[in-house]
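What follows is a set of structures for review.
In the two complexes that follow, subunit A is the common piece, with subunit B as its partner first and subunit C second.
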Partner chain A sequence: MTSTVHIDVHHLTRVEGHGNIVVNVTDGAIEKCEWQVPEAPRFFESMVRGRHYSEVARITSRICGICAVGHTLASVKATEDALGIEISAQSRKLREVLKHAENADSHVLHAYILVAPDLAGAPSVFPLVETMPDVVARALRLKRLCHEWGSLIGGRTTHPTTVVPGGMAEVPTVKQLAELKEKLLAAVPDLEATVETVAALAPNIPAFDRPTEYIGLSDDENYGLYDGLIQSVLPDGTKQRYPVADYRLVTNEFVVPQSTAKYTKNKLSSYAAGALARFNNNYDMLVPEAKRAAEALGLQPICTNPYMNTVAQVVEVVHSVYDSLRLIDELLDAGVRLEPLVQPTKHGRGIQSVEVPRGILFHEYDYDAAGICQGGNCIIPTNQNHNNIQHDFDVLVPELLAADTGEKEMELALEMLVRAYDPCISCSTHHLDVTFVR
Partner chain B sequence: MRYLIGLGNYLAGDDGVGVHVVEHVVAHGLERGFTAVDLATNALNMVSYLGSETEAVLVIDAAHLGLEPGEFRIFAPDEVETQKELAGFSTHEGDPLKVLELARTAGYAIPPFAVMGIEPHGVEHGSPLSESLRARLPEYAAAAIEHLAGL
Partner chain C sequence: MSKPKVAFFDFACCEGCQIEMTNYGAEPFLELLEHVDIVEFREAMSEKTTEPIDIAFIEGSFTREADRERLMEIRKRARVVIAYGQCACTGGINALKNHQPDYKQFVYGTDSDLPHLDSKKAYGVDHVIKVDYYAYGCPVNKYEVLQIVSHLLHGKEPVIPNYPVCVECKRRETVCRFDEGDHCMGMLARAGCDAPCPAAGIPCEACRGFVDEPNLAAFEKVLVERAGFTPQRAAEKGRMFTANALEAS
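Take a look at the complex of A and B:
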């Protein structure tokens, strides 16, 4: 058994934001084993106070450069809930296609750029350009497709402009939608190759199981990315649904000394959100092509290995492409037209949720009679995963010690675990830092 | 097509100056002969604007250049060395120089490309663009447009 370990990973790489891993083991005794989140709170809830309802999503969209679509959709949906707005079937379908684009875009980035280097034994994606050039080229092709896919529906993928309270401010033409359909169909070989690549790398995914609670949106008609009820599934398959308005009863936020981000828990000591949680909750609602991908990748519900979250993301990419093709066909059959925005029928409190790449996202707002925001609340999925990551650490570290794992190997295993959750701790500052060489 | 791309976090002080310049260009109808793009913090999407069909790209971003806050410099990627960790490649760290390097090594045809780096006062979350940089947005826009036209 490994007796002495000192791991201090300050600002873990290949995650979005800043998080630290600290493990101290002396003479076999675990003195410290922590996933630490030192990011400063950003107080978006205070930024929306005093703003007109038409401005709120513009602000909250800026919470994240990756999940900007999700934050826009959650924000607009919550505002529509508060204002008594029911959008049209066309608007909902367009938003669902947009949601799929964001999910696929983020998952492609995570699987290919952030996780694949671990599975291929490389420090970053750059060495893979030499050793796996076709894979990197495919990653960039898929990334570009997702960008074009989202931009067509959202006006732009990062901080979309078309999604507004009451519907869609702009809609694509029939010709543009037909072209998008052709692009998605043309990407099918890349999807199949992605599944093959991940299947080939899958033996390098650590074997680790820690049953936990999995929470995500769910409904009876689709996979539950854009809408649904909150659903919890326990390791024994027991499911329970909650109205979205009761999200505080599910999230139960609390603070811990090691993290500036709040922790959450529901039925068990922690729960997981994200692609694996959605897969475990909603497997039956996946399109057949995605179910076949899951089978090829050895993923079955209820999977309790958190490292498999990336595999679930790949399954979701397949689902998003094929479900978007279905939605586009329905839009083309009905004919797409610019519709007037639905106007408010009341003012009050609104609570809504969407699934973003990293899990279930909640937005809540209060509006006065003039449509001015009086307060807001936002619970992001990464915060809902911090507690689960810590509980994974609590089980994984003793297992690694018992298996005589060396310090470097243990450090990599813990880093890979955190990366598997695809945490988006903060879309913080990102400015250039350079020195001139000539 | 020519692209003027703004990068940065809109809600992190001067980190978002690139996005503010793009907004200024669009709001004042200066988008002629090129397309202005707000990529926010998602620099990896820059690959969508690289390729043989692209004539030129100018990226505007906050940059620690050792200049006085508000001063700027337009440079080619090969004039500088990035000080960011290679292993830290992520959307969060969205370094356009690293994205360019990745695209180049992956075989993308890289068009004429330049970066306009603007020295920030501060990049704190929740703070607005500093007044001194805001006052110079027309100057930044004019310089960027002129340089892009000559690339």
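Take a look at the complex of A and C:
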């Protein structure tokens, strides 16, 4: 058994934002084993006070550069909820295609650029330009496709412009949508090759199981990305649904000293959000092509290995491409026209949720009669995962010590575990308890 | 001759400008790698260096004293420093809290005095170190970034627009937001983005900051007279991505 370990990873690489891993083991005794979040706080919930409802999503989009689409959608949906706005079926479909684009975009980035180097034994994607040129070119090609896919609907992918309270400020033409369909169909060989590459690297994914609670949006008709109810599934398969408006009863935030982000828990000591949590909750709602990809990758619900989150992301990329093809066909059949924005019918408080690549996201705002924001609250998926990562550490470190794992190998195993969650740390330091001014 | 060494560093921000680097597609990005060596980029690579750097891209705002030393260390190692994105250029959206005396208490309540929650007003990184060039925008215009790098590699001075977004709307023949019954900040906003927002039917929010010497008094007058803003909302409008410019005026 390994008896002395000192791991001090300052500002973990290949994750969004800043996190540290500290493990101290002396004479077999674990003195410290921490996932720390030192990210600079940015105070978004304070910034939205006094801003007009049309400006709020443009501010809160800036919480995250990777899930900017999801923050924009959650923000605009919450504002629409507060102001009594019902958007059209066309607007909803366009937003669903945009949501799929973001999910695929972020997952491609994570699986290829952030995780694959670990599985291929490289410090980053750059050495792979020489050793695996086809894979790197495919990654950049898919990333660009997702960027074009999202930009056609959202105006751009980093801080989208077209999604506004009341609908869509701009819509693509039928011709542009038909071209997008062709591009997505042309990418199918790259998708299949992605599944093959990940299946080939999968034996390098660590075997580690820690059953936990999995929370995600769930819906009777869809996989639950753009909309749904909060759903929890326990390792024994027990499911429970909650209205989105009750999100505070599910998240139960609390403050810990090693983190600028708060922690959360529900039924167990911690819970997980993200692709694996969605997969475990919503497997039945995946399109057949995505189920086939899951089978090829050896992923089945309920999977309790957190490292498999990346594999679940690849399954979701396949789902997002095929479900978008369905939505695009429906849009093409109906024809697409620029619709006037739906205007507010009331004012007050609104709470809404979407699934962003890293898991379930909640936005809440309060508006006065002039449409001016009085306060907000955002609970971000990574911040819901910090506590689960810490609990994984608490089980994994003793297991690794017992297995005689060396310090360097242990450091890599912990780094890979954090990366598997695809943490979006800049996001996670913005939630808070808010006192609403009435 | 060895290729110029390029590195990326991040401070308080959303890191979306770094993400823009991955959106060029295979051919442009691989071609870029033929001309520069990316030696440090924490979000994408584990490799690190203590060697001198030819071009340092710094993303994010200066918001806490703990970051001062890291900024000065980067400046010492870098031949050229580029403020990368609006947070690094002027403080960007992070400065929207600067005029609020209670932002910490509002967000963290009774926990707000914990030392690790330290945050001061947000500034561009030139509050601490000398910046050689500015890549404006929230997010950056990724093609402008290529232009800046290309100019530097050729030993030329990058050209950054210092005229308002209105010029680009006229060039695109976009109908003015005010003529559509909306408002807009394009008259004060620094161009260089090709004005995508008004063309998509939404107002410019000046995410690239202001042109030099913006006439804020005239801007507020226009918002009140042509867009029907209350004087208070007109005065607040200028804070969106440009709060520090408003404080300085």
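In this text, the second predicted complex is superposed on the first by the 426 of 438 C-alpha atoms of A that agree within 3 Å, B and C clash if a C-alpha of one lies under 4 Å from a C-alpha of the other, contacts with A are read in each partner's own complex, and residues count from 1 in each chain.
Keep this in mind: contacts are C-beta pairs under 8 Å (C-beta built on N, C-alpha and C of every residue); 3 or more make two chains touch, one makes a residue touch a chain.
None of the values given here were measured: they were computed from a predicted structure.
When the two structures are aligned on the shared chain, A:Ala169 is found in touch with subunit C, with no touch to subunit B.
When the two complexes are overlaid on their common chain A, residue A:Ile113 makes contact with subunit B and with subunit C alike. Within the superposed three-chain model, A:Ala29 lies out of touch with both subunit B and subunit C [touch as defined at top]. Note on subunit A: of its two partners subunit C and subunit B, the one contacting more of its residues is C. When the two complexes are overlaid on their common chain A, residue A:Ala137 makes contact with subunit B and with subunit C alike.
Shared-chain residue A:Met47: touches subunit B and subunit C both. Of the two partner chains placed by the overlay, neither subunit B nor subunit C lies in contact with A:Ala369. In the superposed model, A:Pro38 lies in contact with subunit C only, and not with subunit B. Overlap of the subunit B and subunit C contact sets on subunit A: residues 11, 13-17, 40, 42-43, 47, 59, 62, 65-66, 68, 109, 113-114, 123-126, 129, 136-137, 140, 143-144, 147, 156-159, 426-427, 430, 432-435. Here subunit C touches subunit A in the complex through residues 10-20, 22-26, 29-30, 33, 38, 41-48, 60, 63-64, 67, 92-94, 96-97, 100, 102-104, 106-109, 111, 114, 116-117, 119, 122, 138-139, 196-197, 200-202, 205, 207, 233, 236, 240, going by the rule given at the top.
Listed in rising order, the residues of subunit A touching subunit B in the complex are 11, 13-17, 40, 42-43, 47, 59, 62, 65-66, 68, 109, 113-114, 123-126, 129-130, 133, 136-137, 140, 143-144, 147-148, 156-159, 424, 426-438. Listed in rising order, the residues of subunit A touching subunit C in the complex are 11, 13-18, 38, 40-43, 45-47, 49-52, 55, 58-59, 62-66, 68, 109, 113-114, 117, 123-126, 129, 136-137, 140-141, 143-144, 147, 155-159, 161-162, 164, 169-170, 255, 257, 259-260, 372, 375, 426-427, 430, 432-435.
Those residues of subunit B whose C-beta lies close enough to touch subunit A in the complex are 7-13, 15, 37-45, 47-48, 61-66, 75, 78-97, 101-103, 105-108, 115, 117, 120, 123, 125-126.
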